[in-house]
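A, B, C and D label the chains in the order they appear, each numbered from 1.
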Amino acid sequence: MDPVRHLRFSLSILVIVVGCGTLGYTLIEGWTPFEALYMTVITLATVGFREVHDLSDQGKAFTIALIIFGAGIIAYAVGSLVQFMVEGQLRLILGRK
Amino acid sequence: MDPVRHLRFSLSILVIVVGCGTLGYTLIEGWTPFEALYMTVITLATVGFREVHDLSDQGKAFTIALIIFGAGIIAYAVGSLVQFMVEGQLRLILGRK
Amino acid sequence: MDPVRHLRFSLSILVIVVGCGTLGYTLIEGWTPFEALYMTVITLATVGFREVHDLSDQGKAFTIALIIFGAGIIAYAVGSLVQFMVEGQLRLILGRK
Amino acid sequence: MDPVRHLRFSLSILVIVVGCGTLGYTLIEGWTPFEALYMTVITLATVGFREVHDLSDQGKAFTIALIIFGAGIIAYAVGSLVQFMVEGQLRLILGRK
């Protein structure tokens, strides 16, 4: 896969993960979709002000899964971005298309 | 664009985003500019001690936008830095200017 | 070491660090293994909602060690991922196996 | 500068920044050196559980400076690590010392 596809692919998955996170907190904790979205975004971006409301054990387990999955996707997206930027530079230096 | 310009460009946008964040929290939440700046910095740097004061729904929506936009800019800035550092190395190894 | 081994190696150590973190908080603070795992994950991923319960001085010292060690491992894992992704791209551009 | 020096240099500065952070919180907020160290580490690593105690305005200004300076150093250190890892790979692929 070329870098642009890597990047598009990782961003698409990220959007899906945000959707799953929002759905998850709504179902597991009974939060409003907006609270669940806010929790998902501050968790995946690792800002983590604090849990929007206290979490049940199921909510904590879901959060652990979201963090592990999300961190993997974000590392992959950042890697894709670096790959994309380094590649352009490389082609330029090496003078090859 | 060469890496130095990428880096300068991303840092300029970052400064603008910090300004917008500070303005945003001042207008939406009525915080002092200093509180708003503090909130913006701990949010964009993903330190996220906790919300400086409780956020209204509009403030939460603004925070989500700030995080998404800010994360994009910061990923781009880090990518530029890596690109810049890898490029120097590459030129050295390949013995080309 | 080639990138795939770097990546595997860093992920293995990460799993061990999560195990040590969980064990540490259980022994030092007397938390349940699940609370200790939750604390370890939110700490290593730098989400850091808040300390699950107030920490003793020993718990704080353990947390500092966990962060320093964990940050090193994660930087290494991200570096491995970037190396892995850049390498594939390089081989493709240079047309060498 | 070669990557190993970049890496050593950035780690040395990081240690100095941790020292300055600890000193700063001790002087500005009157915290114990251990509390100040804990605050510095959770801030620079962007874990940010919460402010160890409430911060004065001077303490908040110091925290903003610490985050901006620290984030720059850490980005530089991560960049050095990636540069170091990519370089070894490059030399291997290109078959040059």
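Some points to look at:
Operating definition for what follows: contacts are C-beta pairs under 8 Å (C-beta built on N, C-alpha and C of every residue); 3 or more make two chains touch, one makes a residue touch a chain.
Values in this document were obtained by computation on a predicted structure and should not be read as measured data.
Annotation of chain A and chain D: jointly contacted by B, C, touch as defined at the top. Ranking B-C and A-C by contacting C-beta pairs places A-C first. Two copies of one chain, chain B and chain D, form a contact in which under half of the residue numbers belong to both partners. The best fit of Cα atoms from chain C onto chain D calls for a rotation angle of 90°, in steps of 5. Between the Cα centres of chain A and chain C there is a gap of 17 Å. Separating the CA-averaged centres of chain B and chain C is a span of 24 Å.
Shown for chain C are the residues that touch two or more other chains, namely 46-50, 78, 82, 86, 90, 94. Contact topology of the protein chains: fully connected, every pair of chains touching.
Here chain B touches chain D in the complex through residues 34, 37-38, 41-42, 45-50, 77-78, 81-82, 84-86, 89-90, 93-94, going by the rule given at the top. Listed in rising order, the residues of chain B touching chain A in the complex are 3, 6, 43, 46-51, 57, 60-61, 63-64, 67-68, 71, 75-76, 78-80, 82-83, 86-87, 90-91, 94, 96.
Note for the complex: chain C touches chain B at residues 46, 48, 50, 82, 86.
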